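First subunit A sits with subunit B, and in the next complex the same chain sits with subunit C.
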Partner chain A sequence: MNKIIAVAGVVIKELYRRKDFYVLFVLTALLTVAAGSVNFFHDEKIVRYVKDICLLLIWVSALVIAIVTTARQIPAEREARTIFPLLAKPVSRAQVVAGKFLGCWLATGVALVVFYFFFAIITGSHEHIWPWLMYLQAAWLQWCMLAIVIGLVLLGSIYFAAPSSTSTISFIVIVGILGIGSHLKVVALQQPEPMQFILTVIYFVMPHLEWFDLRDFVVYDQTLVSWAALTLATGYAAVWTGVFLLLAWFGFSRKNLTT
Partner chain B sequence: MSVILKTDKLRVEFTSREFRQATKTALVGLDLEVNAGEVFGFLGPNGAGKTTTMNVLLGFIPPTSGTAYLFGIDVRQPIARQRIGYLPELTYYYKFLTADELLRFYAKIFGLSRADTDKRIPELLKLVELEHAAKRPIKSYSKGMQQRVGLAQALINNPDLLVLDEPTSGLDPLGRMKVREIIQRLKNEGKTVFFSSHELGEVETVCDRVAIVHQGELKAVGSVAAISAGHANLEQAFLKIVGAQSQPLP
Partner chain C sequence: MKVSPLLVLAALLALAFALATGLASRAEGWSARTKSDNVFGMMFGDGRKLFANHFFTMADVYFHSGYYPSVFDKHAEEQKEIISASHGRKETEEDEKSEDFLGKPKDWIDAFGRHFRITQHTHLENNSEREILPWLRLAADLDPQKIETYTVGAFFLRDHMGRTQEAEAFLREGLRNNPDSSEILFELGRLYHDGLHDNVRARNVWELGVKKFLARSEAEKKDEKLVLDELAVSLARLEDEAGNYGQAINWFQLAQKVSPAPDALQRQIDELQKKLDAGLPLVPKKLF
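For the complex of A and B:
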């Protein structure tokens, strides 16, 4: 475990020394603060709309941080050849993959905590309500969803050598799942065979990232999600992340790395 | 004398798009043994199979057939690399880290305790004369300094076997002298050094035994004196073994 933590530590060190990460991080925090601070005409609908925009911003930024950061991990190690002195040490490729995952996941976790903290402070100071448990549930599920995303991107980065192609393809796939994931079954029922069968299979085999989205719950002040559902969703995310990491390890362990 | 590094009928074939799906044989049944405490030079012209051998020994590529062992452990197991240090030909380190952070990272990978790490890092930084720059990012180092960081990371676990890939390549005479001194020092401490080099004069100076590979095959192995016997020096012997003949200038 120490080796995995050591690899994760280097990922985090690199992130906080990179300017592009800082820019996105600070920009999102500032925009969240700015947008959350406005209170047009004390109109509740507008306030909710602005809250929705803030949460969308948090979602997009967290996704961009997760995808861009993860996509460059292993390709950059191979390109800069830092992978060679590392693998010449008593560390397995599985530990490298796990360390990369842990580093990226922790980094996105820190970003999420900061984003939600700003969001909570700003909206709370206006509305004088502090639904901390709701924010905690929303942030936790988003973090679980990001674990799946990071696992998926890590897998992609093993097969697509260029970080840009991994980022682009991952972004399309993930936004696609988030956008049409919940509607796919309905769309499938309206299709003729064999398209209906194909879409139904896709619906059941794809990771449903949209299930982790609690933005509407936060904006419309709905009740808390049941803890049983939250546990199930966490387990679901753990299974998908495990599958992607296993596939990433399998691919990486079969890669010939020549100096 | 115990054998620390051993390859048994090591064969490596590459099939890739670069070769239009053709198979290129990089190593043809290489048998090699390196004994504890010796400085072993691994020689051969470019493309002979030196780097491929090192890649197999370090677990970067699997052999197509045959086996390789470090300290009696199959090289495919990461634990086989617990007692080795590796210095690549060029400087491949995390440039955003400082030398101190880089060494701490590798110390963690080797499972060194914090107390051992705190003791070892200043010793190594002193050895490679980088104490003054320990807290500076590696990206601000000169090439020679980066090479010295490389040497320090290769020694972080006080290895019993040091694998050096052309350690003096690109270094100035001072840097070369420093590397030679360190190799000599490790030899005196009873460590084993396995290194590839094109600098035959240097190999002659520091090596106990050498192996010469050509086109993936082991052509000669023995003491420097035995290989050079009947020739003016090791370079002449090397050229004869790999079948190279000098052409007179027009």
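For the complex of A and C:
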């Protein structure tokens, strides 16, 4: 476990040394403050659109940080040839995969805490209410979803040629799932065979990332999601993350690192 | 021959300046974008209308607190409820049931997923309606010719938030961008009649609305006859309130030509006719 934590520590340090997070945070903050400063019909109590914009930016930023950070981890180690001394420590390939995952996940978690803290301050200053439990549920489910995303990207980084292709393909898949994941069965039913069968199978076997999006609950001031459903969703995320990490380890353990 | 780079640079700059002066006047005619009087028009050209439609839909999404059909769901293409509400249509229980676009869960994934999406049909109320205003403002900026934006925005400002001044300013802006719009004139008349209780101005703008409508082409009249129905019925009621029963009958008869329920209007005409025949003394209600 210590070795996994050591590898993860290096990943976290890398995140705060790089400028990705700072740039995205500043951009999110600037756009949110700019949107919040607009006056519509001389009414200063209008706030939902600011929440909507800020949460959208947080989702985009968190996805960018998670995907871009994860996609370069193993390819960068291989390119710089630092993977060999790392594996000679000795650290097993399974520990490298687990450490990289843990580092990326914790790093995105830290980023999420900063983002949501900013969000709470901005919206609280307008609304003068602080639904912390709602924010906690939203941030937690988003973090769970990012665990699946990081697992998926880590798997992609083993098989795809370059971090850029891994990032691009991952973005398309994840945005696709978030956009039409819940509607795929309806779309499938409108298609002729065999497309109907293929889409239905994809609907049942893909990870349903859209479940983890509680933005509407936060924006429209809805009641909390039931804790039982939240726990089940967390378990679902853990299972999918495990599947992707196992596949990543399987691919990495058979990969020739010298080519 | 050796030429100084500075000389070449100066020559190129002079050439660019000369070409710019020659082309500037012609370039103005190449694109309609540069003629636009707002920044969105300059940036997006006619593409801004797509965004305007999206933002108008966002206003309806906010009105339902996120309970809204996607393009994949049934009822996605039905009339927006913010428009129905602005025409005075109240939702019944039957309507609400028919608008349950989610239906029963299709499978366990759908059933579990509903824990994480809004599944209750609600409308904004108690001044929360203000949350739809930013989207309507943006829609109006992006497409100043989209008339519903002004009528819906003004209706919610006036009827739900009691902000008549802002509503009137928004309608006036709409009228500047769409000087022939009977719909905006109708909403402006409602604002004068219901909000400011100024029946004289209400009558004037409604009559102007009818005049603008009658000046439209036959195809336009056929597509948008609802507004004539609303204008004529409003004028008829106004004349009835003022005790001008003959004039009220005239307006109801005009409304009958385009109304989906001419029989109901006939009953009102009959009642007015009885009053007229009985020679009831004209006791006009207070106009101001």
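Just so we're on the same page, the second predicted complex is superposed on the first by the 236 of 259 C-alpha atoms of A that agree within 3 Å, B and C clash if a C-alpha of one lies under 4 Å from a C-alpha of the other, contacts with A are read in each partner's own complex, and residues count from 1 in each chain.
Methods note: a contact is a pair of C-beta atoms (placed from the backbone, for glycine too) under 8 Å apart; a residue touches a chain by one contact, two chains touch by 3 or more.
Quantities reported herein were computed from a predicted structural model and do not represent experimental measurements.
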Quick one: on subunit A, after the overlay, do subunit B and subunit C clash, or do they fit? Just give me the call.
fit
Between subunit B and subunit C, whom does A:Leu87 touch in the aligned arrangement: first, second, both, or neither?
first
Touched partner set for A:Phe204, first subunit B, second subunit C, both or neither:
second
Looking at the overlay, what does A:Gly109 touch: subunit B (first), subunit C (second), both, or neither?
neither
Would you please give the vertex angle at the Cα centre of subunit A, with arms pointing to the Cα centres of subunit B and subunit C, as a multiple of 10°?
150
Touch check for A:Ile180: first (subunit B), second (subunit C), both, or neither?
second
Quick one: classify A:Leu214 as touching subunit B (first), subunit C (second), both or neither.
second
To be precise, I mean the smallest distance between any C-alpha of subunit B and any C-alpha of subunit C in the superposed model; what is it in Å?
41
The intersection of the subunit A residues contacting subunit B with those contacting subunit C is none
With touch defined as at the start, can you tell me which subunit A residues reach subunit C in the complex?
38, 40-43, 45-49, 141, 180, 182-183, 185-187, 203-204, 208, 210-214, 216-217, 219-222, 225-226, 229, 232-233
So, in the complex, the side of subunit B touching subunit A is made of residues 14, 51-52, 54-55, 58-62, 78-82, 84, 86, 88-90, 92-97, 101, 105-106, 108-111, 150, 153, 163, 165
Residues of subunit A touching subunit B in the complex
2-3, 5-7, 9-10, 13-14, 17-18, 80-92, 95, 256-259
Which of the residues in subunit C end up touching subunit A in this complex?
62, 65-66, 70, 72-73, 106-107, 109-110, 112-113, 115-118, 130-131, 133-135, 137, 157, 163, 166, 170
